[in-house]
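Next up: some structures, all given as structure tokens.
Shared between the two complexes below is subunit A, which has subunit B as its partner in the first and subunit C in the second.
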Partner chain A sequence: MMISELMPLYLSLRLALTATFIGLLIGLPIAWFLGNTRWKGREVLDSLISIPMVLPPTVLGYYLLVILGRNSWIGNLAESLGTPLVFTTRGAIIAATVVSIPFFIKTARAAIEGIPSNLLDAARVLGRTELNIIFSVVIPNAWKGIAAGLVLMFARALGDFGTTLMVSGGIPGETLTMPIAIYNAMLAGNQAAANRLALIMAGTALLVLALINGLTRQVGRKRKR
Partner chain B sequence: MIDLRISKALEFFSLEVDIKLSEGSSLALVGPSGCGKSMTLRMIAGLEQPDKGYIKVGDTVFYDSNERIFVPAYKRHVGFLFQSYALFPHLTVEQNIAFGLNHGPRLDRQGKVHSIIERLRLKGLERSYPQYISGGQQQRVALARTLVTDPELLLLDEPFSALDCQVKKKMEKEVIDVRNAYSGTMILVTHSLEEAFRLCSNIAVMDNGNIIQLGTQDEIIHHPANRTVARFTGTENIFDGTVIERYGETALLWVEELHVHLTIPNTLKQDNLSLGIRPAQLIVEQDHCTRLEDEENSLSGRIVQTIPTPDGQIVFIQLMRDDSASLLNNTSLSHRQRDYDLQAYVPFNYGKSDHRLFQPRDLCQVNFAISAIALWPQDKR
Partner chain C sequence: MFKIINRILSFVVLSLISIFLITACAVPVQNTTQPEKQPTTLTIPKLRIAAAADLTLAFKEIATQFEQETKIPTEITFGSTGTTAMQIENGAPYDVFAAADVSYIDGLNKKGLILAGTQQLYAQGRIGIATLKESNLSIKDSQDLADNPSVKKIAIAEPSHAPYGKAAKQALEYCNLWAKVESKMVYGQNVQDTLAILRSGNVDAAIIALSISKSDEVNFTLIDGSWHAPLNQTIAILKATKQEENARKFVAYVNGEKGRVVMKKYGFLLPSEFAKK
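Moving on to the complex of A and B:
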């Protein structure tokens, strides 16, 4: 196996991890808000957030390219700050985040909504403030769902092909992620390389799942005692 | 001392509640489901905000719409027992109980938790998680979690409805014991009149968002304010009548529906009255028994149906009309929806040799004392 084949793996993992971290920071407050508000527009907001799940990745990539590209004010601003977005690692991270964040928000919202409202009421009458309740009741009871959402998001970000390709191309060492590398290998007729890369991807995905599974099961067992 | 007058527009009706309660007393809010009793409790606890009014507990104002005061739930220091216990599944029994103790030295808090664990017989369960203990134990943990914070006001929202009958009786005793030891005020929400009776000295009957009667146990049972309260509290025999004569202590009432004259207490000045008699207050005897001459109200009838109960039987009685039987069959029965006039509860005479169960078609004599009659002005139609 060539060193150059490990580069896309490293890049993919880095992109997916960064995207997941950004997703946690942005997505958790949104999920919390959606799970708790009685605001009438919440389902509209939820639908807007879900758009990336239903749009074809290339279409999503195309729109992201339009929004982040040189001809938009966002792209212009980024350019003038010396941090162009399209065809860079930054662009790839944005693409991976947008594609995968709905998976996290949906799962986390369901987990937060799954907490019986009388638990929150009980905490309130026992003298806890809303902020305190988030840490003392909501997160301890919903963290499994939140973690599951993060895993889903990570897996989706790791496997993204179309959107990343549209927004950031496949620049080796910068935006050439595993799925794109596999595609390139196939296109070049190098089936052996494609095979190896695909195996690595599949192995990584299974490993991540097994890790999270083991973690949640261990916690569950500890609680029974 | 609790003083509240609150209103809130709900989906199907508007809630208007006015309660004054002296310190240390206990009140049960009873009524059919969806009458607004739980909402009232939640507003007292600060979990819901009323539209208008005020809530005062002791010297503290919890809510006042005129002065724009709304004390949030976490500052009210009110004890609340939830219907489904609402124990935290991620915390042990001990951690659950300690959840409401956020202030004071650590040793102090530990001492309080341990003493309440002893008192409510939860020793040995401290490290268990709530989902692995029984329903009765869960309810005791919930009670301990509330009582350990020493609330001035204890609110119970249908706390026993999820328990089975035997555990329920035990839990009720537990709460009564706690109540006797506890000096604060208690408000219980329940749809069960029996439960209200066992736990609280004052009862408020609610319907469609309003308290239709608030009084002592005796007032609610024996002096219902209107037909709704009477029905709700188990006064099965309710009739409308007209006063035709008054003599000092008593009066004579003509009950068209039964074709009888009844002697009633002369306490209300209205002529159109409704009267109610509880099934247990009717004394039903076999027809061959000698007629009690000293009873003012004595009626002859025939048993149409009996229902057995563990300690007696419920009998349904059709009265003998003065007029002919054909008239009764043709007119009276056709526009009446039921085939009986009176419902009576006949307890077994344990230990008496001449004891015999009533059978359908038996002739009988129904007597009741004047004091057994509850009266209220007829509802305006």
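Moving on to the complex of A and C:
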């Protein structure tokens, strides 16, 4: 019971952490771009990025399946390289990232936009390059919002069900994450297992979030903010 | 100017909220959406049938004939047998349950949810290996599934709650191939979903029910019925039904002459020709 029930948990955590990390790498530059530049198409880009938040997860999963599956040029390319995207862990990571990144971008953008522009201007007057300003002014001032965005992104990736199921199937040991395991147990009428798994998942999620919140408070105290 | 726009906007928003609240309270309790669209006769309520996914083609035909003959409207929901049984346990309001395996009906019987004496064996199902006609893959038998290098992914229904998936796994275990093919497996929620996965082109082959394979769509190779426990498809009337008489008529139709013609057409084994194990 132990190993086979903990495997979905391990897969879920691994997936959520990977998606969060990738989301941070991709999302932070986008959030900065949306928050700091004056490009006319900003709001259009913002709406496009928000689409995964509004679409029903299964619809999103269906579209991803079509875009990444064998019948598309992306999927075909991936297959020919021996690394198919659908029904694999890779597909699950892509699905989880797509689904959760809008939460991060929106929150991080708001935090970045909230930085008083005179701070940025002061840095510019002092001769700092834009790149330098990102690391020395923008991030230190917006880090709380960015951290909040990370938490949201992690939570969303951890709890994703419909999209990952559609794109990566529920392959035991590979893509059978906790929400899918709970769903399968429920479908099979195994209420005891479903309840157990649901409890483990809820407990783990709370623990992780409590840890992150604690860390945020700690770091905030050290920096006296 | 701004004040006027403000006022208009507030008025519009408040009106919309009010309209939503009023209409939400006024909506009568509806039946959940069903795939079958029938002209609703206000006097005769629909007969609600829950059927296993492998009956998708066969039961749609039987239902149409049944309705024409008896003028009793029907509403069929297809799904995996295990899931439907679980829903019935939790109060799903069906009149008739046509399962793909007798064990689920027995389970419901033990919980007192089946009308006594209405349980009937009506067919035995067959499984086979299917590949899309457009793919040039040809699979001769299950050994081919394991050995053919172009077969990278195979879809079956989820064995824990779909009888046809369980039979597929049993057949592969019988041939000592399960260990080899397990890493290639992708699981559908029911046998119809498994066919959908095959259609999407993202798997190379699938093991599905004979009854849902269409010869213009898939290449189908039957799997020997002795390699898996027989799929004893059992139908029963649920105790909670409010239309016992109509339900009895439907069950009699399925197991009657005309129903059996349709079942045979879709490859089911009839009670007279069962392979006994």
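Throughout what follows, the second predicted complex is superposed on the first by the 220 of 225 C-alpha atoms of A that agree within 3 Å, B and C clash if a C-alpha of one lies under 4 Å from a C-alpha of the other, contacts with A are read in each partner's own complex, and residues count from 1 in each chain.
Keep in mind that, in the parts below, contacts are C-beta pairs under 8 Å (C-beta built on N, C-alpha and C of every residue); 3 or more make two chains touch, one makes a residue touch a chain.
Computed from a prediction, not measured in an experiment: that's the story for all the values here.
When the shared chain is aligned, no partner comes close enough to touch A:A16: not subunit B, not subunit C.
When the two structures are aligned on the shared chain, A:R124 is found in touch with subunit B, with no touch to subunit C.
Touch criterion not met for A:I200: it reaches neither subunit B nor subunit C. Contacts of A:P116 after superposition: subunit B is touched, whereas subunit C is not reached.
In the overlay built on the shared chain, the residue A:P140 is in contact with subunit B alone; subunit C does not reach it. Applying the stated contact rule after C-alpha superposition, one finds that A:L24 touches neither subunit B nor subunit C. Of the two partner chains placed by the overlay, only subunit C lies in contact with A:G189; subunit B stays clear of it.
Of the two partner chains placed by the overlay, neither subunit B nor subunit C lies in contact with A:L64. For subunit C in complex with subunit A, the touching residues are 80, 82-83, 85-86, 89, 107, 152-153, 158, 160-161, 185-187, 189, 197, 200-203.
Those residues of subunit A that touch subunit C in the complex are listed here as 65, 69-71, 75, 84, 86-87, 169-171, 184, 186-190. Contacts from subunit A toward subunit B in the complex involve residues 116, 118-119, 121-129, 136-137, 140-141, 223-224.
Chain contact summary for the complex, subunit B toward subunit A: residues 42, 45-47, 72-80, 82-84, 86-91, 99-100, 102, 129, 132, 145, 149.
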